[in-house]
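Multiple structures follow.
Look for chain A in each of the two complexes below; its partner is chain B in the first and chain C in the second.
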Partner chain A sequence: MPIGNVQPSVRPVSSGRTDADPVAAEATGRHRGTRPRRSRGGARAERFAPYVLVAPAILIIVVLRLYPLLLGVNFSFTGDGERNGTVVGIDNYLELLDDSLFRTALGNVGLLVLLLPVAVAIPGLLATFIYLRVPGHRFYRSVYFFPAVLSPVIVGAIFNLLLAFDGPVNAVLGAVGIGPVDWLGDPDVAMFVVVGVHIWATFGMALVVFLAGFATLDSALLDAARVDGASLLQVIRHVIIPGLSRTIAFVAVTTMVGMLTSMFGLLYVMTSGGPEGSTYLPEYYIWIQQGQMNRPALASAASTVLFVIMLVVGLLQVKLLRRAGGED
Partner chain B sequence: MTRVRLSRWLLAIPMTLLALATIYPLLFTVNVAMKTRRDYILDRFALTDALRWDNISTAWNSVGMDRYFLNSLIVVTSSVVLLLLLGSMAGFALSQLRFRGSSALFLGCLAGLFVPFQVIMVPLARIMADTALIDTYPGLVLVFVAQFLPFTVFLMTSYYKTIPREVIDAARIDGNSVYGVYRRIMLPLGTPALLSVGILNALFCWNDVLMSLVMMPSAEHRTLMVGVTSLRGQYSDDIPTFASGVLIAAIPVLVVYLFLQRQIADGVAAGSTKG
Partner chain C sequence: MKQRALWSAVLVVGLATAGCGSASDTGSSSGGSTDKLVVWDWKSGEPSAKAYIEKAKADFSAKHPDVTVEFVAQPFDQYYTLLGAAIQSGKGPDVMLFNGGGQIRDRVDALVPLDDYVAEDKQRLAGWDAFTKDGKTYAGPVTLQGHPIYYNKDLYAKAGLDPASPATTWDKFLADCAAIGKVGAKCFALGNKEGAGIQFWLSALGSGVLTAQEYDDWIAGKRDWNSPNVKRVFQLWKDAGDAGLNNDGANSTAMFNDAFALFQSAKAAHVIGLMSDVGHWKDFNEFLTPDKLGVMSAPVVTAGTTPSLAYDGGIGYAVAKWTSDPKLAADLVRSLTSTEALQAFYAEAGAIASDTTIDVSQAGPAAATIVGQLKGGKPALHVALSSKTLDLMGRVSQQLLSGSISVDEAVKQLAASDQAG
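For the complex of A and B:
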């Protein structure tokens, strides 16, 4: 703290003003009754100061986040191309339902929901092991976290190399007699591969969150369970899960939001939505309709659907986990 | 006790394998970037026989990675400076000053957290086009700032809440205006949080692809990550050069991670425990 910069507290009385806030002065019990007259302009400037400090941030957030949300919802009820600007009711939404690519995208969202427990359990288990001081836990922590700071583009590019049909992974599998798998070219496999890579790239983030949660866990409980001879599974079931229900809820929500909003880079680099549109997600669909197909209104409708999905998923998970936490 | 110890060592085996699986893809890429094309085709896995930098310099000079790198640097630096400035100003006011409407304004900032870019991509691109900000540095900077400001305000507010009011009161009595308190007290005291949040924001902006792709359509203004995606088409049969391009994009992040891992993890953890 640069004490040296702070102006002297004793000011010449003749200046007739001080910047000290009356509330602050009263709170400390000093200056009471001897509060000097303050100049009007200064007082007003002080009163508005909080608003001046908050204004730029709130302005940017309102103009470039909240207002566009309304604009987009509004936009989704208008037409594209020739019908640009005219109100078309729910036509865009009907077209979405009719579009097999969008239905695939929704189906893939369902798949993500199903895979969510895995994506939460892996970092949860690993954090448990690290918390219980597996030999070398510091090393694991920093290695596991590393991919989480890499861009999905870089991760996707690296896995493109590794998973190419004539690439190294298939070469290794071939050496042990397992036929080559078309990782990114088989519609039944590709989505699982992309989700797998996403989990590989992001589990370190969740791991760090779990470890922060463990830091708040009462270690006396854990020691008591140990003394009572509880097995690892019993400790996890009866001490760790109830103790960390808030953290688990947080990780579940952020992981789900992450899967819905930060896989674009992977999809763009690894599959471009293919093969046969099997790896479409809503965010990729929105981008294609907006940028490539010149259907902004249709894209807005898809955006609105994505927003509703995210709201529902978020609320549902918070509710479910709150109930789970309440029972224990 | 011995049983517990043994089981811990048994756990270390799969965890080490997983650590290898985490780190190997990157080592593989580094190795490939050092190889000649011929070496790569003959044997992908063998260690390179020499540290060759020609692929890296090819990717840097002839593909335009140097240009993309500069673009990213300009946009990310400006965004982070703005984010920290606006975030700490708002965080200070929302945590320490009492004024009418402060909780409503805080909620307004938080609401931004729940609006991902994907949801507002179309109207935002339109706003940027209408104001002639699309395909300009300030345009992408504004979009980045709007994207990460809610999170920054939230973290700075919760950090500044931990500073006792007496510190501010004392500074006010010493004759500081509100702005003086911000500049002389809150900014210096906020350094640890500013560092953590700044690094996180720098990573988020540096790693972004979707916002950059939508807001910077021209090749001249392309950011590094978008540049990497364009490498794939150009160098699909020259894997070592491709790997070099990927490496150029990854190296700054790698360096940051090696030196500032603690701050990154702290930032992530702070974001979760204060939620």
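For the complex of A and C:
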């Protein structure tokens, strides 16, 4: 942790500087009174110096992050509407458990975790192809990145048009004799469609990270594998994946965070949580309860649950990153 | 070093003081001084509302020349979220715009009852019920919002039907729809992506299904979800979907504005639309031309019922309880609902205004039919439901269309939600 490191490194430097600058020490001493008291005071100031130096950072975290967090948790134990401000214990949490919509939202979080390997594999594979210089790789490199610069609202609007029941995608399917699919109106399909669009819209960033990872890969290993007659699959399995383990872990972490925190815009534009409530995620649920249902305390309870989930996922991922880092 | 310690201490104290406060504190009152009123709405930024706002401002400044009024147009998507935050902190605008029904009833704790201030307007304006809770009025209605059934006279003629006399019974209506289907158009343009289609359905057709007694009881809060007629409304919804009366993919079609576009492009013969704002006679007039747009009454499903137009106060201005002078703010609400201002709103935005004295004969036969039906109209059924039940109703309506739930189960869930909230 940074705090542990700060203390030893700061103290010698700062005390050394004061010692080496007797003029300055004297100058301050002249205002403060007698010499012995001054040096004792100076020593005390130096003892507190590290705390003072880290104080701004800690204070910002405590006051602007932890304190509001505690307020929110505290607020989640109060009531809404007529019971505004009164303590209701865990009523809000019981209501959440009882709400099938919130359970759907949590189930969808589980689905996102299950789909994570796909979301990591797609940019990984495409980056591999670019790295192996398939024909037109320069063109693909820029094209793949293009969706990453579009806002989720624009992406959502584009796919709303494409995936409309009487839209072009169904027209193409119809032309080859496959019946139309109600992409955004079928509860069994809609969530996968939204996740798919999210992956499409964001994989460019992961692709760039992968390409940066490839830059560190020892090409001699690849050449050696080729000389030994390894197939493409064997090269990927035995050379590229082990060589990129840290990059893969990093992409997995950032993709997971992205899926859990930034799908609101897409959901809002593409499905509004529907059809039949099948595409709810916790953050959308929180927004609905706070903004549409006027239930801020219930929304706080849902936020607290989401926070705990993110905490667990985050800690697991930090562990994963550490382990991947340790492999080297 | 001392200097830094001092600054840090200042920072600590400063941040700690700034951080003090409680999330559930609604008691503190703030809001404006007496020489300035702040209004929040989502209308004043629109070009079509410009004349309306100007007239209202002029009316108000004639009465209170020394008070300035500031309109803050919020994005509608975020409006109730922002308002919720303002209410939670007990600070915010003095006057604010609300949708009638659940949106205002859920928030009356933060509002001032206006009955004493607007007594003179009660006769002139219609639509008060949507802004009333427990016998107290919380906002002055600006527009009326309701759910007429619009039909395309051109498609009727093509299908060999008489455009001047649309069906008055459900059986005849289904027969007409079959004829319309033969000329390649759907019966209903339906957008149920947001789950709003069922609300329009319930309110537009309800008066032909529920008996007068059931209707009034429903509005009064005594809703009998086990009544066969209530179930019939949802059964008809499901039957219409199963019979292919709606456009394909209704659950993924946005009502605003994909469903209305289907009606405007003559791909469907009927649409349950609105009276004001969007999806209304003025929009349809532009595409279909006024003489091809008709408004019909709900077909009679249950013998002995008298169909009526479902409408309520659409939007209205309310006064926040933290305002320093409620009388002054209520005066602004009265200016915002003055005949002159509402006349401008009707003319520019095409809204059916709450003022029943406005002449609409220039606006075409559809608007004239709607205004003619206002006298016998009743509050819309869905407006009486809480936002929570409406949200649930949107979801079960999608399930009914996709066939993943039975009508009995749907009504049971709705009854539980309605009785809980």
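Points worth noting:
Everything below uses one rule, namely that the second predicted complex is superposed on the first by the 249 of 328 C-alpha atoms of A that agree within 3 Å, B and C clash if a C-alpha of one lies under 4 Å from a C-alpha of the other, contacts with A are read in each partner's own complex, and residues count from 1 in each chain.
Methods note: a residue touches a chain if its C-beta (ideal position, glycine included) is under 8 Å from a C-beta of that chain, and two chains touch if they have at least 3 such contacts.
Since the structure is predicted, the reported quantities are computational estimates derived from the model, not experimental observations.
In the superposition on chain A, A:V195 contacts neither chain B nor chain C.
Of the two partner chains placed by superposition, A:I240 touches none, neither chain B nor chain C.
Using the contact criterion defined above for the overlaid structures, shared-chain residue A:I154 touches chain B, although it does not reach chain C.
In the superposition on chain A, contact is made by A:R133 with chain B only, not with chain C.
Of the two partner chains, both chain B and chain C are touched by A:P56. In the superposed model, A:L267 lies in contact with neither chain B nor chain C. By the touch criterion defined above, A:Q290 reaches both chain B and chain C. Contact with chain B, but none with chain C, is seen for A:G213 once the two complexes are overlaid on the shared chain.
Applying the stated contact rule after C-alpha superposition, one finds that A:L71 touches each of chain B and chain C. For chain A, the partner with contacts to more residues, out of chain B and chain C, is B. Shared contact residues of chain A with chain B and chain C: 28, 42, 45-46, 49, 53, 56, 60, 63-64, 68, 71-72, 75, 160, 287, 290-291, 296, 300. Remark: chain C residues 1-2, 4-5, 8, 11-12, 15-16, 18-19, 22-26, 78, 80-81, 84, 88, 106-107, 109, 193-195, 248-254, 258, 387-388, 391, 394-395, 398-399, 402, 404 touch chain A in the complex. Looking at the complex, you find that chain A touches chain C at residues 14, 28, 42, 45-46, 48-49, 52-53, 55-56, 59-60, 63-64, 67-68, 71-72, 74-75, 78, 81-82, 84-85, 101, 160, 163-166, 180, 182-187, 271-272, 274-277, 287-288, 290-294, 296-297, 300.
Residues of chain A touching chain B in their complex: 1-2, 5-9, 11, 18-21, 23-25, 27-28, 30-31, 42, 45-46, 49-51, 53-54, 56-58, 60-66, 68-69, 71-72, 75, 126, 129, 132-136, 139-140, 142-147, 149-154, 157-162, 167-168, 171, 200, 204-205, 208-209, 211-213, 216, 232, 247, 250-251, 254, 257, 260-261, 264-265, 268-269, 282-283, 286-287, 290-291, 296, 299-300, 303-304, 306-307, 310-311, 314.
Listed in rising order, the residues of chain B touching chain A in the complex are 7-9, 11-12, 15-16, 18-19, 21-23, 25-26, 28-29, 32, 44-45, 86-87, 89-90, 92-94, 97-99, 102, 105, 108-109, 111-112, 114-127, 142-143, 145-147, 149-150, 153, 165-180, 182, 184-185, 188-189, 203, 206-210, 213-214, 225-226, 228-229, 231-232, 239, 242-243, 246, 249-250, 253, 256-257, 261, 264-265, 268-270, 272-273, 275.
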